[in-house]
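Multiple structures follow.
Same chain, two partners: chain A is paired with chain B first, then with chain C.
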Partner chain A sequence: MCVKKALRMLEDEDESGAHSESLKGPAMSATSISSAERLSAVEELTTLPLRGENPYIRDWKESGGRVFGYTCSYVPEEILYAEGQPSRILPIRLGAQGTTTTDDADIHMHKFLCSYCRCVMQLALTGEYDFLDGVVLTNGCEHMRRTFEIWRDQVEPPFVTMLSVPHRRDGDNHFQWYRDEITKLTDEIGKKYGYLPSKESLRSAVRTYNRYRELMLELYGLRSIEHPKLTGSEAMKITQAGYCMPKEAFNERLATAIQELNERPGITDARARLMVGGSYIDDPWFIDIIESTGAVVVTDVLCTGRKYIEGMVDETLEPVEAIARRYFQRDPSCPRMVDGYPERIAFTKRLAQEAKVDGVVFERITFCDSHTVENLMESEDVEELGIPTLNLEREYLGGDKGRLKTRVQAFLEKIGK
Partner chain B sequence: MGNNRAIEKYEYFRRVDAICDLITGVLATGAQTPEELGEHLPGLLQMVPEYHASLVPKVYPDLVEAILKPKNRNSVGMFILAFKDYLTALTDNMDEGRPLVSNFPFFSPEIFFSMGLVPCLSEVIPFVIAIALTDGVVEELDESERDGLPGHVCGFQKVPMKAIEKGLLPKPDLFITNTAPCDSSNIMYQLIKKRLNVPVMMVDSPYYNDTKAFKYFLAEFKKMVENLEKATGSTLDEDRLRRHVEMGNEQLKYMYGLQELRRHIPCPDPGMHRVLDTLAVMMTGTNEKLVDYMRICYEEAKERVEQGTTFLPEGKKEIRTLWSWSHLPNMLSLPSWLEDEFGSTFLECSLSVLPAENVGYVDTASVESMIEGLAWRSFNFPMHRNVMGHTDIHVNDMLTVARAYHAQAALFGGNQTCKYGWTLPKIMSDVLEEELGIPSITYEVDYLDARFAPHPSIRATLTEFFQTLV
Partner chain C sequence: MIFAGVDVGSMSAEAVLLNDNKMIASSIIVVKPNPVDSATTVMDTVLQEAKVRLEDIAFCVSTGYGRERIPFAQHNISEISCHGKGARWANPGVRTIIDVGGQDCKAIRVDEAGDLKDFVMNDKCAAGTGRFLEGIAKTFGVHVSELGRMALEGVDSVPISSICTVFTQFDVMVHLGEGRTMQDVALGVADTLATRVNRLVGKVGLEDEVCITGGVAKNTAVVKALERVIGREVCDLGIDPQIVGALGAALLAKERYAKSSPEEDAA
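Now for the complex of A and B:
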């Protein structure tokens, strides 16, 4: 299969309303999970409606489950997901795909703040996240930590809390702080909802999430092979589906999707093999721009992608301790961690080499200090390997596409592709 | 020694040293207006070295005008002497071959002095240059941008890094900072470590401002002291520590006294001092002249209260103004201009507010008590207490000040690079309006780069605001 064909398939889906409209969900809004099963697993996972129109979220809520939103990969999902009483919590990662304006958010959040945070806040302020029973934010970055107060005071959700994360990981005290924050989180949820996860339920959640990571790594393996079985855009959509489904259901569908993908012919005419790294991406438009040039994104170092699935929870340890260790001490870390650059760049280099990329596209959302500087550092070091890099600035909302495409095309020409 | 002396070898030191000399010289003429100074200037230029004279055309004229005013001249003069002393001690220390440690402002300098080190305030030196000179540090800002660091990344780290790369500032043996206040600082120190190949010791600043957070911070602070001793081979001297801590306590005693006096109507303390107070707080316990600076500010303000006088122009009605974010370093003359034009007095800002009940004094009973006290102070100093936690702390601090000082207006001049500040304008203005009926204005600035918000545009914006109030 060629990359353009893969993209055309997605465009056809767009024309039928299944993908682009999926943000509002008409294709799936009146359907149930059972009718979704008529689709192939790949089709289902790449067209899953998001947010309140997502049938898995609807079913979860209708069956008495609660749904919590979070934004940062330092929120320990297994803790939330572990079966408790009286009901389970489904953690979903908050995106703002398809948002076209930040009119309401901008009243509270100045233009110097990241457009991802403003887009998420826009959805919260306009009621698209009213289905959430709770929100867990972190001090992951300046922009995100300042989202907390606006969410708390302007949206007034049933439950909102902050899980603070130290900026260093090399001392016991740093880990203990994070561990205590998890205890505080469970205590607060317990007080609000009577949520009391047992050790066995935690272990079960750990097994489910570890399985999820194994499968996702397998999916990534299908991207980085000589003839990738899927585009970067498809991979991102599948990843996004994983953020918004119960992991058991996702694992089952993903396992099937992997089988389907394995049966596909690989992409043989990629103009170039690229890696993407940098700021938060959960909307495939940026990947689509890159791949519209004929290149294929064969791997990434995004906190919404490869970095998110890196590292297993040790199933032999006491579960809360093990979960805390995996989330807090994992490498590669976020650039906010002041002691993690050597491991982060080693990871980026390793992935770039393993996937035999022709170049790396580093992107940053305007005003994102962490990735602006991190991209610069990583770019310098990656180029030392002889791998060319491109640094792009963008907004979270899908604008400026012409300029970005031109930059990517020029980059490909520059590297002789 | 020739130009091997640090004060001559490093252009930024030389520039600040010359600025100190020029201001001292200007004040020594006794002139109180630019016109009077004009008469003395030819003679002054003949007396100063050629290098000093070359800087004169670059000095902000409105800054000179403000410094000459009787309300400002004594305190500014003493502050300049204090800074000159600091710079001399620093460069002498370097000339003696002692380790050079660069520390984050607001991070207790007394520890360094107790080890026989003079900390290099790499982030503050550009601050002083930007205060005085029209071209400030723009060359280094522009070169940083050409290197890929955009304007929204904080200049307080970009400029020192570039200045060190260019040999304008010395390369320290060690950087010490904490993980407050922002992403820009945290990631820039990782870049600094990589680019300059200098170790960076980072004390982790926890989120929140409660007992548990302080316990965590104290452990980090103690670890920093231990590591500093190992890294520099210097040991903490108890007597020396006590001497500097006592100086710091004395300095803060006047600072707290001034805060009380500023509650008085009319405010007896000129606003230009808020910027200098910030610098003084960053250098707490550094030398006796800083104590003298705070004492002069205090005594002049006290005298005005006791004699019922004001520094405002005759007949000018006071508008008691809270600067609900910060002052503007590159426009030191702004508070003085606002006083003269609109009667707007500068009560407090987030970098000057230092509630005595939160910070207090350092107990000098033992090394342990001093270290704990210094950790407590660093934990509660500006850009830590009001930043490392929810905005509620900042908002409540400002509301408390507004209420206690009887504020009537608020200015939110937000620094573009301080991302954590940019949800505050709306929250602050709503709270001040709803609770106290205080109107606010928000405008955007860059602390180090005057081109981002040119001075005339700031004056025009604030004129429009104050004209609606008078």
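Now for the complex of A and C:
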């Protein structure tokens, strides 16, 4: 199908969504993940294999679906997921869990670039992400821009694009810029694959993602109660599973997992209740170090955690407009935004108080532009509430356990825990 | 009643025995690759010195990077709390402690009981630590303990700009190649180290008496340089600054013991 025809179809299409052809999305076959079904939902979600080994991703590919990778929470996933709904494109958030070296990435990237970016690039360069049909990156930070360029030039994936997100959100022009970027993304995908999302498919994607956010908030609710039903490490693993599964399937498993967790006894012997904030984390090793001291991470203000699920897409508005608003104008924003600090710190304070935390651990990946200053500002402001904070610097790669654990342990000793 | 503290650091291990509130033995060894071996060896030494048996120890606390694997310790506490506790015991006026160890340095503030109030540690870099001084000593072909005396003979401090331990050694070679004396370079090294440590002190804030602990405190030139940059005299602890961590661990062992068995404490 040529783009013009596709565009015409989009225009012609009525609200009932007459795309009968595209409705045959890659249905999840029960047989291929039968091994996973023997596990409880919590077990399955906390042990889901990564990347190419992930059965949901494999099934999606085998039944003809495309898989797109993205890194930044400003990539409007519903737009990708809605392409030819039920979806032909599965957006997955690119992690680099378990990476042990950045040797290949370091040929192209300076050591002064964020180690998360270098780890992701390492996987891309060594073929771990060859199963991806497309990659959508953003100008979230300078490190991410370099990641885009090197991915484009050295890996040469079938589809790669960068969504340019303005650094301010005030005024109509900035919003229009972001809105135009979405149109550009949709057009590029339309040109490449010959179809565009219908309004109905967008609405359906919005409903799925809103349901996902509701369920995830429910999961967070089980952490911040007096006797948390799950550890921070488990929560992060479940979140990770959500990044790499079709949201419909994930929602179903998560609903079951929530039931299972509700039946568990809560954690009554936590040495301290902590909150984590700062740079990108998707690998539980860092949370494991904190929790190895006996503390429990009961909530977070991470863009890979609580901030990612904050804010619903308004289902009453025109879907693209509503999606653009939710992604671009949501609060708390990313600290890469010039504006929005008052809302970010208010959010951090609110969560810290709601979850009755004994302390907040702010971490930043070495050379992280966005969080180096932000963490110090938030840290000072949180301490005004009488909540002590600890500032840590880390690399994305696991390791350095002793150094970090000593600091966390001393922090707990300092706050009398 | 006997309490023990054992501090297994990155370069040396120390043990201290307390009999109630009196220090009865202490020892320092160079670490072995295995923290358990280091702990066992240094503990054996103090036991022999004090002529007591391991079974006589009521409670033992381990600290230092090897703290988690010490089989004869009932509890482990971070070296940060231990240094604070130990220094405050040695000199009751102390509220700020600068600890320069083998692999990291920290600025610590404690309250009147010696309990941790705040701390700052250097980030993943050995510059400004004992390891840094060892590297320089190696370049000079002398033992690290001679570096302080050498620096005191320096007349004109050589500015050392590099922030990295490895690159500083290159830097030092260049200065020597240009004809600067080892004494002047050693003085420059002491000044650099003091400047780096001062950043931590600045972050944690100075309060009342300040002391320096850890092996590097034995380098008089570094101590003098630090006094210069922080603009204040550093107080004397009256004990070997290298055993302060182990001493703090022993004191915390005593506190811990009292808390866990209040009836015996009362008796």
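Methods note: the second predicted complex is superposed on the first by the 381 of 417 C-alpha atoms of A that agree within 3 Å, B and C clash if a C-alpha of one lies under 4 Å from a C-alpha of the other, contacts with A are read in each partner's own complex, and residues count from 1 in each chain.
What we mean here is this: a residue touches a chain if its C-beta (ideal position, glycine included) is under 8 Å from a C-beta of that chain, and two chains touch if they have at least 3 such contacts.
Nothing here was measured: the structure is a model prediction, and the numbers come from that model.
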Once the shared chain is lined up, is A:113 touching chain B (first), chain C (second), both, or neither of them?
first
Quick check for you: in the superposed arrangement, does A:256 touch first (chain B), second (chain C), both or neither?
neither
Just chain B (first), just chain C (second), both, or neither: which does A:167 touch?
first
Look at A:329 in the shared chain and tell me whether it touches chain B only, chain C only, both, or neither; answer first, second, both or neither.
neither
Which of the two partners, first being chain B and second being chain C, lies in contact with A:141: first, second, both, or neither?
first
Which partner does A:367 reach: the first (chain B), the second (chain C), both, or neither?
first
Considering only touches as defined above, state whether A:177 meets chain B (first), chain C (second), both or neither.
first
By the touch definition at the top of the document, which applies to A:126: first (chain B), second (chain C), both, or neither?
neither
Return first, second, both or neither, reflecting whether A:338 touches chain B, chain C, both chains, or no partner chain.
first
Can you list the residues of chain A that touch chain B in one structure and chain C in the other?
366, 393
Sites on chain A touched by chain C in the complex
366, 393, 400, 402-403, 406-407, 409-410, 413-414, 416
Contact set on chain C toward chain A in their complex
65, 77-81, 104, 115-119, 121, 123-124
Sites on chain A touched by chain B in the complex
107-110, 112-114, 139, 141-143, 145-150, 153, 162, 164-168, 171, 173-174, 177, 180, 335-336, 338-339, 341, 366-367, 369-370, 372-374, 376-377, 391, 393
What does chain B use to touch chain A in their complex?
147-150, 152-154, 179, 182-184, 186-191, 193-194, 200, 202, 204-208, 212, 216, 219-220, 223, 390-392, 414, 416, 419-420, 422-423, 425-427, 444
